[in-house]
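These notes are about the structure you will find just below.
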């Protein structure tokens, strides 16, 4: 009984999802909406399959940009937090600016990036970093802040060096919080790369979507949206897998979002 | 090893926390410190361990001046402070690793104590998976492995329920036969102090001053003087 | 034959071309020149880039591209703002854009714009053109409701709040025919010579001309060849374009090519040639309508010098 | 001594900020960068002042859209959480979809919104809701989840009704977490309205920025960016003020971001 | 008011937690329940309060069947469970508000108890600003205000330090002279039970069964039988 009830609950979101798709499909058929207003989901899927190779090529480009930006964000966040930890006054000076930086409209910056940095990988990766860096850095900082100062005192009383405290205490204990931020960044990384491409590119999903839109192919646009969603979810799942592997002590009580 | 706390004073924001506190712990002696909440007991242990420097006074260990220097004595705080990220065995070997001992060797050394500390079979468990008593024993073993000759214990059993606490007290009393160390033990619990300690110091409310001293060895076994000692201490404290 | 690793390899000069919009038939000649090897023959390796929000003008001026596709309007405004751009060739000899509306809206002449909603892209030049155009028909521009439709296209925008929009006849106009949607079309080039300006045009920066006149020459030679091929072989060009830009709609491209092929060169002596009068007329119009703070020297805004003979 | 050190630390971010502006100003002057590549901050400020009235008009429009969307998000989040609380199966079914919805690229949706809903207020408000709703809803859900179940048991044992438990326990105790989400949403609400306008509008800062961009007036664009940043910060401060007033029991330990 | 717990059994996932537990609390009697950690003491109180239904057995209050129904008895859990969002006075009046009493009237009623409960002058403080002992007293007052005739207290002093706990025990003993109620009191602490209770029940480890009963009133004042009773209970528990 218990078990089957559980399965029922697990299926619930899928049922709602299928329901939504059905309503959409029906709506399109009943009012016979033209393709360029709203294509039926079946049509979107068909388009996704028929243009699979093309989508794949562009997807790889976008994925590459997103992953590069994502990786850079992680590295930068670690560097930042390391220096914040080393020089608390640096933190005092930069932290408020970090928060304020989030109010700068991304799209405007993205436009200026193309003017300043041209067409290569750089501006796209920069957009991804702009989106991904903040949640990672903040969650890492919070994780470090959340470490019990008595724990650090204990290690100090045992004569541990600053580096040892970092590697044995602060870093591992900050991991769960860090992964929470990582999950958020993974959710948005693909989207960020697409925005970067939107501002000008020769390839990638953002480029392709613009092209399709100007060719009045809404079904193709939605097929690309589908890919973006799936890819984002895949990245989130990968982050969760990494968390499962790297934070074994929290396996029982993982917080899902 | 002998520990001498000489005339330690400490103030924070011009308010005194410790006022000329002197305590002597002889070799292999178990000294308990009783005092009201917030009087400065933990602050004293922080000073003895070298985490914070005193305003005045000295800490002598085996005759040597260790005032304001860490790394000499073992210190166990109020909470078990086990790393949730490591299993029990890897938690316990931390002090050995910090001393530069290789991981495998450290594990062997630590493991030889597991049976005595009632931890056998739980080496691979994470702290969150263990009961409070077991976590305290692990923390105690870690403390012991850092330096076995002087231990500072800050209310190690405060977070346990009454029955588990009693079991742990009896266990600690028994294990000291095989593992004799000099111990400075902070507690609120008069019974605990009288069961475990050779000597008891009672502190006043903040600023902490020694207001009473008792040689427990002299009255042990005598139920009547035990009860009157307990009443005496209770009156000092309340 | 394998290239000999010991010899210095001959490498084509890399050239970036920034489009004004997603790749469409206006750019056919560029793709032909690239994929038929005309650029390679001139020693150029051309990369074609699609922009979005920022037009090509600023980016070419900033050196992020060697050449770009722009409009006479944009070049004129840019020069008046001190951005050193030069038009090198007119892609289509006569303005093939105009105001389109679904037939059902019954908009026959610019007078009918009154009380309707215009969907534009937020350029003050649009209002000037509309104002002047309507004035000719005794229409009152202030009765037109102007909104910026951003990324939306003609067909979707007229489904909603918009009544008429500015389209390229060779693109959205052709798409309307393919979709079987009846539209009314006000052809700008027929209304007044002022509006028969060059759109689109190929541009580069003044610096480029000064520093690499040779490169400009080579680029235009190949590009001109490309457009000439498109003029002569619209069907083949369409095929080539669809292959070069996967995702574009083959039917639309084919029909659009057929429409544009005779219009690239039209009545000009050679493809791309521009006339000073056209530039001057338009610049004065902009200046007189206070759409530019200062007037430009039209002779400096364009050059025919680098077009092949 | 202590006090003045504190003031020094409080000033640090400002100093860094001024430093950044100075470097920027110097860079522009030394390399005499043209206006359409990167205007000096002094020029941006000058433009902001000289076009103040125009900016103000557009700002009011954007602010209106942002506030409307923000308010709707709060109301919707409360409704959602209320129903989640009432029907746990609804929550099981919808929560994962809520998380997945975050992977849909906003810009694409924004474009489709204009196609479906035209160029009025609606699509802009929808974009703002899309951005603001999620952080508010999630933080509210987390706040409710974080309430000690024993507390609820206690109230049940005293015979409290569901509504009473909601108003006396769950809602007030969820407030601190709720405000954390609110702060995030406030940060991004203006930006969201701008994106909505970017996709097509007749007025508002997004519209105005497009116009300026087409006229190569980078100084004007940056002046608008400045306004957007200031406005976002103002909203964040307002949220913090509201928190200060409504959550008096947390005044001593407010978490800043 | 009389409380009768009759043959209560309760299992979770086929493992028994409570096994035919019967307890009687006479009018104005103070009954303590001692039992090892996790044996099911809180589960029993949850059943008595009506929060969870038993698998078997009945709860009679003044002869009336209240099995599985909330709202009759006052229940104070292990933690103080004061709302951080309300000051002490507004926390304490919650049960009165839930009964439909107007806020001002409720405040007046509650305030009349503040002096006796040692809370005078702290009406406007938030729980976070108070010491543990004070919070427990506030929680106790809230419990008392809900229903003064039967109180269920689940280890109310477990989170306090030994000295504060002792003070609270003495205070509770004294205050019962003016506020006599029937009390069912769960604790781990044998001393606490013996100081406060009229009668003591001892539970076995899970599944909880009554394994020992003691009438404390009979031995009160007699130090020797007190000590031997304590030892007896200790043996049952360990």
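A, B, C, D and E are the chain letters, set down in written order, and residue numbers restart from 1 in every chain.
Everything that follows uses one rule, which is that a residue touches a chain if its C-beta (ideal position, glycine included) is under 8 Å from a C-beta of that chain, and two chains touch if they have at least 3 such contacts.
Note that this is a predicted model, so its numbers are computed, not measured.
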Remotest chain, subunit E as reference, centres from CA atoms: C
Mean-CA-position distance for subunit C and subunit B (Å): 83
Rounded Å distance between subunit A and subunit E, as computed from the means of their C-alpha atoms: 51
Separation of subunit A from subunit D, taking each centre as the mean of its C-alpha atoms, in whole Å: 19
Geometric centre distance via CA averages, subunit E-subunit D, whole Å: 48
For subunit C, residues that touch 2 or more chains besides their own: 53-54, 58, 62, 151, 156, 159
Multi-chain contact sites of subunit B, meaning residues that touch two or more partners: none
For subunit A, residues contacting two or more additional chains: 37, 107, 111, 115-116, 198, 213
Touching pairs among all chains present in the structure: A-B, A-C, A-D, B-E, C-D, D-E
Contact set on subunit D toward subunit C in their complex: 34-37, 111, 114-120, 198-202, 207, 210-211, 213-217
Subunit A-touching residues of subunit B, taken from the complex the two chains share: 46, 49-51, 70-71, 75, 77-79, 81, 83-86, 94-95, 97-98, 126, 128, 146
Footprint of subunit D on subunit C - complex, ascending: 53-55, 57-58, 61-62, 77-78, 81-83, 119, 121-124, 145-152, 156-157, 159-162
Touch list for subunit E against partner subunit B, complex: 36-37, 158, 161-164, 166-167, 187-190, 192, 223, 227, 234, 237-238
For the subunit D and subunit A complex, residues of the former touching the latter: 9, 12-13, 15-17, 37-38, 89, 92-97, 99-100, 102-108, 111-112, 115-116, 138, 187-188, 190-191, 194-195, 198, 209, 213, 218, 221, 224-225, 228-229, 232-233, 236, 256-257
